[in-house]
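One structure is given below, represented as structure tokens, and several questions about it will come after.
Should a chain be cited, it is by its letter among A, B, C and D, assigned in written order, with residues numbered from 1 in that chain.
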Amino acid sequence: MKNSLAEIPELANYRSGRGLIRIPMEQDVPFTPRVRAIVDTAEFQRLRQVTQLGLASKIYPGATHTRFEHALGVFLNAVRYLIQLTHDPRFSAVIDRHHAEVLMVSALLHDLGHWPYCHPIEDLNLPNMPQHEEFAGSFLQPDSELTRVLKSHWDIKPEEVLDVLVARTDSPQLRLIRSILSGPIDIDKMDYLDRDSLHAGVPYGRNFDRNRLIQSLMVNETGDGLAVSEKGKTATELMVFARYVMFSEVYWHHAVRASTCMFGRAFQELYQQWDLNWLFHQSESDMVQELRRAAEGKPVAKLLEGIFGNRRSIYKRVGEYSLVQSAELYQQLSGKRHDYLEQVVRKLAEVLTSRAGVEFDPFDLLIDAPPADREVEFKVQIYYAKEDVYRYLHDVSPVIESLAQRQFDDYVKRVRIFVNPHKRSHVPDQPELTQILLDIV
Amino acid sequence: MKNSLAEIPELANYRSGRGLIRIPMEQDVPFTPRVRAIVDTAEFQRLRQVTQLGLASKIYPGATHTRFEHALGVFLNAVRYLIQLTHDPRFSAVIDRHHAEVLMVSALLHDLGHWPYCHPIEDLNLPNMPQHEEFAGSFLQPDSELTRVLKSHWDIKPEEVLDVLVARTDSPQLRLIRSILSGPIDIDKMDYLDRDSLHAGVPYGRNFDRNRLIQSLMVNETGDGLAVSEKGKTATELMVFARYVMFSEVYWHHAVRASTCMFGRAFQELYQQWDLNWLFHQSESDMVQELRRAAEGKPVAKLLEGIFGNRRSIYKRVGEYSLVQSAELYQQLSGKRHDYLEQVVRKLAEVLTSRAGVEFDPFDLLIDAPPADREVEFKVQIYYAKEDVYRYLHDVSPVIESLAQRQFDDYVKRVRIFVNPHKRSHVPDQPELTQILLDIV
Amino acid sequence: MKNSLAEIPELANYRSGRGLIRIPMEQDVPFTPRVRAIVDTAEFQRLRQVTQLGLASKIYPGATHTRFEHALGVFLNAVRYLIQLTHDPRFSAVIDRHHAEVLMVSALLHDLGHWPYCHPIEDLNLPNMPQHEEFAGSFLQPDSELTRVLKSHWDIKPEEVLDVLVARTDSPQLRLIRSILSGPIDIDKMDYLDRDSLHAGVPYGRNFDRNRLIQSLMVNETGDGLAVSEKGKTATELMVFARYVMFSEVYWHHAVRASTCMFGRAFQELYQQWDLNWLFHQSESDMVQELRRAAEGKPVAKLLEGIFGNRRSIYKRVGEYSLVQSAELYQQLSGKRHDYLEQVVRKLAEVLTSRAGVEFDPFDLLIDAPPADREVEFKVQIYYAKEDVYRYLHDVSPVIESLAQRQFDDYVKRVRIFVNPHKRSHVPDQPELTQILLDIV
Amino acid sequence: MKNSLAEIPELANYRSGRGLIRIPMEQDVPFTPRVRAIVDTAEFQRLRQVTQLGLASKIYPGATHTRFEHALGVFLNAVRYLIQLTHDPRFSAVIDRHHAEVLMVSALLHDLGHWPYCHPIEDLNLPNMPQHEEFAGSFLQPDSELTRVLKSHWDIKPEEVLDVLVARTDSPQLRLIRSILSGPIDIDKMDYLDRDSLHAGVPYGRNFDRNRLIQSLMVNETGDGLAVSEKGKTATELMVFARYVMFSEVYWHHAVRASTCMFGRAFQELYQQWDLNWLFHQSESDMVQELRRAAEGKPVAKLLEGIFGNRRSIYKRVGEYSLVQSAELYQQLSGKRHDYLEQVVRKLAEVLTSRAGVEFDPFDLLIDAPPADREVEFKVQIYYAKEDVYRYLHDVSPVIESLAQRQFDDYVKRVRIFVNPHKRSHVPDQPELTQILLDIV
């Protein structure tokens, strides 16, 4: 069984250093004929047109890397995890060669269900959004080139991949495979923390001792998920911490959030005129073109033009509230629904208009209220060999517990007030603005 | 005079660590209001749509970085060079604050005269190509936003920038400024060697001791160009060597050349139907769309679809000739004009068709014949303080002389024969193919 | 005032890139004649003979770097901090050129009061230990070369340096200077976290965004200590976290602790035969030679020979207790005095001897019981410009609070039981050993 | 056969990430019980006392790393080369498991024949120097611990290792193994270029694309040496170039050479009073102590005290002659014997004494005349698969040819004149000094 995993051609290529292509961080990705066959399909090439970080490149000019590059990186991690896990007999006993190949293919295709600007659009919680599963499935129809390649080159059915990406059936094997693709130490984060850091030009996600973490991988107590041995505990903490830092400094950077809010508000205003399923199959630049054309001549246009137009004009932060900075406002606004926030914005626009003698329309002001859920995943077991005991990371690591329970939601995901830069000088200082807001909410 | 340079706001920001934006390689770029004003113009934002390496991203998936990012890096280097050179009294005596600001602006705008796929198109030597100066000038018309920002924020006339980028007048100051922008140790190469390496995922251009090189910068013997003190000699050699390696492994990589040849051959076939000046003002993706539409239904379409279509299909290398591999063929084909090469291709197609019993049309085969000029710039002086003597680098460094005189043209820029991958199996092995070619030429 | 700081020769050298020497992490250290004069004294050259990490090189073979190298790195940081802080007018108003020079010299000499194996010896809390002040002072006697250089080249009195290193007098200036040398974001940690990581071959202390942290430096609310602006908050968290990781994986690594315990136990047994003040003036290797000679023929010899002898024989960990692993034993043993621990060891040796039928003598077993104090320094203010408010880091960062309050003492500094490797097979498994220990304590 | 290599425990550990120790550059070295057994012998631990770069640490303060650390790095490379070469059937056909183990052990022990300050002493060409073979053999006597470990843990005879390190018998296998240990792309250089760079704090030896080079390793045409496939050609050039740069900037740095000359001159003066075989078995610090004691009170003492004494006083460079700087002097002095050079020094001392009115004794002046042999190894074959042809690197790479033929000897290894720093001000400028020298020689 173990040998049969070792003979998978992509694992062999990785070990022998043959048939590789290079991606940043000087990584060598196994590129066998059957991997090339997937990569050369229209469905996969589509990922060349989808950027990894969307609007963040407006603030970090180097962050223009694509989901195409990222997918190759995640696939490489799948290969590395598999090479490592073949040394754990409990893994090899459960995962056979076919399962391993499904995992590799799922790694390559894990972003198939993403459409352009997927995350900011999903955060809007619109009624008639396509399901991810359905959307990913549209690229895996019986007649698609990708489906044909999966069958002819890999002997894999589209349903097998979809079942990994969006859980439909259940089994210990599937849970184990899914935990490799999605969890606190998954191959996706293992790639994007480093890759996003590199292209953004920041050091944050680049030093969490990846090698040590991979060397310590094993199967968890119940045999249906990833765990790490004791020697990987600190590396795991570093990876969770790196994710916090990336949120704090990049993903949730105030100007990145400003652009994201601008986009979200505009999309919300305009989306009803399209069949979303059709719209989401467009390329990133085609979708933007559609949106800008639809906004033309309307007040909402300034939001899209500020982001995508010839003259950049990102809204400015005039107020910012974490739990420690203003508990009352933070609790009043975070996690609130869009209609409530728009009501607050309208009232705020009225107050400012009458105070400043300058007209504020409802698109001149935006409130960024983070969704309520806590995003730091941390449920992972550490195995203590001397005592033959598995313990949860958060039970043996107070910092991880703090990060998960408090730091992330209460300090990183702040409530922010953004304003049209042309009207910034007519907004009072934060303390005064805070008072006005407290009167409104 | 020296102080006046030191007080330039961008130099002050760099030193104090304030008002910076980050780009890859963890670089902090001074971002004063007047720099932001240039960056936010439509003319500069256009560089977001132009990739730095064009078709190389088809082979190195991470190499999708833009000229926008690169321009910021070159500008940062201008600031670093200026900070260093203010310590050389012969520099401060010649370059006043206004000159220094013209240099900085020229660094930001040095790629203004580039259009999409500029390099492969220029190599075609087409008759009615726009001049670079004229093209750059089109973004610096009196009514352009960029022109207005240069005047209002920098007190710089467009002609001053154009005169730096495309020499029209002459003076020691201008020669000195131009040598900072273009020469063997210029701020452009200093950026792109490292940046291209990083995004491509290769180590080659990333370790040439940039700091030491900058620390050793000084003015040359005649006061009109850059030189380095003796302590920077090895760093200079390393930089020239790094450029050779980047050509060998990335810029002139066989598959990158295959794509470039495919593009060039298609462009040559189609270009006469457009006003080139109009075409070159389009974005990269718009130009590609124009070309693909024009090729639709014609034999040439397979070249463009192979590069840009949904299914990647890059031509394969079947023959490769450096001076040492086949002196005769190399000398017969390198540096030859396009009409001659097309004639060879037609004859080769005929021979192969009759041999293989499979039809080769003239677009199934391509010859990549490097232009004749030697590209390694190496004319730079080294100053030996103990002897108070300036010597040319190539006089004190045999490896640089070899690199410049022989290695580059004779070994890196090989003549290559590419073939449509669908017909690859009908082409004989290299030794046989070589014989066929020798009979033809 | 500001200019007068800027004109300090070492700051000028750093900026102009002249007169530098190189140390690892590709750092350029300003090396003016007066710095060289200090470095070339016998008192400073002594630091070439003192390793930075002592016994850690027995486990991390690359960690043989010296306090000489480290001192140069701390001095470089002093220069960088000063360059940055000259941009804060509240700093320049308080610290004049002479103060700044005292800081630089103190940075170079900050380890003057260290003797070989200083930390493990101090942890023994022996009665007649020399005071650090007194010990450092012995190198700054009126007739010492170092004293003469400080006077002739720097116009600095030895007392001024001693007063910085070991507080005797008090003033806001001195507190500010001392906070640069010793505190959560001091120039000492800023150097050793990175340097120790590099030489040990681990990534842990190498990614805390040093540049961003330095760029955000400023004076605290009361004008007598370092603080950082809001943009440096995450970098500060990263640095504190990096320190935790270095403790967890290097400084408090079980085998490093085993060697340290062995050394400490032997020193405790032998120290009374020397005048400690004399002994501590010896070089590291001379001190080791003294100790080994004194131990010759006695049972304690095996401890020293296991570390320093021709055959390495480091004691093995047989039990390990953090708060979560065994609260009772942890609380019973951590922070206890040596005589109590030796009593436990004696009883344990008896039990094991009778159980195993093999003689355990009191030097075959060691208990490593961490001292009670909490070591993570975290008292640093963050300045929020929008609100014009200073807040303490631990008030706005739950992870830092956790780290300082719980993680460090309760999870990193575990109680450990070590045994002579030749008798390891006669010690029961941890669960059984735990039971035996619980019966004893 | 292939499998039997793959099952070597050290190769298995490397692949599975278990049983590793860490050394700088974040490398994980397989540390099986039988490797530990070798490392823990007195003969191997001796390497902890021998620094890798000897006197270079006087100029590069971080370069204090030991041959112990380096030996582990070379051993790691042996493992990596073996893992790679098992994919070349021509390798596996010749090298069986026992040969592979002999290679690994030889890698660990390749510096066994080195004594302290080996290189500067060897350059003196003294009459009664011990042979390397004999010297290495003294640690492999029948009764040595190392010999016992080799037998009991590895089933290897001491003669087998000695035969690899110092060729006595001949066979294709042995030539192949030796070419892995010593040649232009050997595992020794592969380690020290990077390791020396890291600890010295310079970037030079750190970018030669190690992974690509290892991936391209194969057996040469005649089956008795290393070669690389075409894809490794540039990486090989980079490695040869890196070695040139390290010589130019570190190993042959003028101040490193000054110390080396001082040491060599003193050793030459004093060596006859010891049995060299005995002396060379001392540790580095013991040998220095011997030398200093023997020099006490004699004029030669200032050379040793300047290097090792409490006050550093390295001789200063007052003249420097490469072929291009002064062909006549260069040719007259380079490669000359010591008695001739001492004669020149005596005459020069006389001239300077009479000119300056200050006494120059024969130890106040030193001439560094590089030995005549060319040190850049470059004989390595490149395999061109398309043509199925092996070509020598220097035949396809003009830069390598230049480097080997001219650059190294004529430009890096300069003739230098050093003077006691206390008398430096009495030596004329280089042009005048040159004239004086030309009159003498």
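The rule is short, and it goes like this: a residue touches a chain if its C-beta (ideal position, glycine included) is under 8 Å from a C-beta of that chain, and two chains touch if they have at least 3 such contacts.
Chain by chain, the UniProt names read as follows: A, B, C, D = HD domain protein.
Fair warning: this is a prediction, and the values are worked out from it, not measured in the lab.
Peer 1: Tell me which chains count as touching both subunit B and subunit D.
Peer 2: Output, common partners of subunit B and subunit D: A, C.
Peer 1: Chains touching subunit A and subunit C alike, please list them.
Peer 2: Neighbours common to subunit A and subunit C are B, D.
Peer 1: Which chain pair shares more contacting C-beta pairs: A-D, or A-B?
Peer 2: Higher contact count goes to A-B.
Peer 1: With over half of the numbers shared counting as same, classify the subunit B/subunit C interface as same or different.
Peer 2: same
Peer 1: Round to the nearest whole Å and give the separation of the Cα centres of subunit A and subunit B.
Peer 2: Subunit A and subunit B have C-alpha centres separated by 34 Å.
Peer 1: On a C-alpha centroid basis, what's the spacing between subunit A and subunit D, in Å?
Peer 2: 50
Peer 1: Would you give the residues of subunit B that are in contact with at least 2 other chains, written as numbers and ranges?
Peer 2: Within subunit B, the residues that touch at least two other chains are 26, 202-203.
Peer 1: Over in the complex, which subunit D residues touch subunit A? Could you list them?
Peer 2: Residue positions touching the partner: 15-18, 20, 26, 28, 83-84, 87, 211, 214-216.
Peer 1: Spell out the part of subunit B that touches subunit D in their complex, as residue ranges.
Peer 2: Subunit B residues touching subunit D: 202-204, 206-209, 234, 237-238, 241, 244-245, 248-249, 320, 322, 324-325, 384, 386-387, 391, 395-399, 401-403, 405-407, 410-411, 429-431.
Peer 1: Under the stated contact criterion, what part of subunit C meets subunit D in this complex?
Peer 2: 21-27, 39-42, 45, 59-62, 64-66, 68-69, 72, 145, 198-203, 285, 310-313
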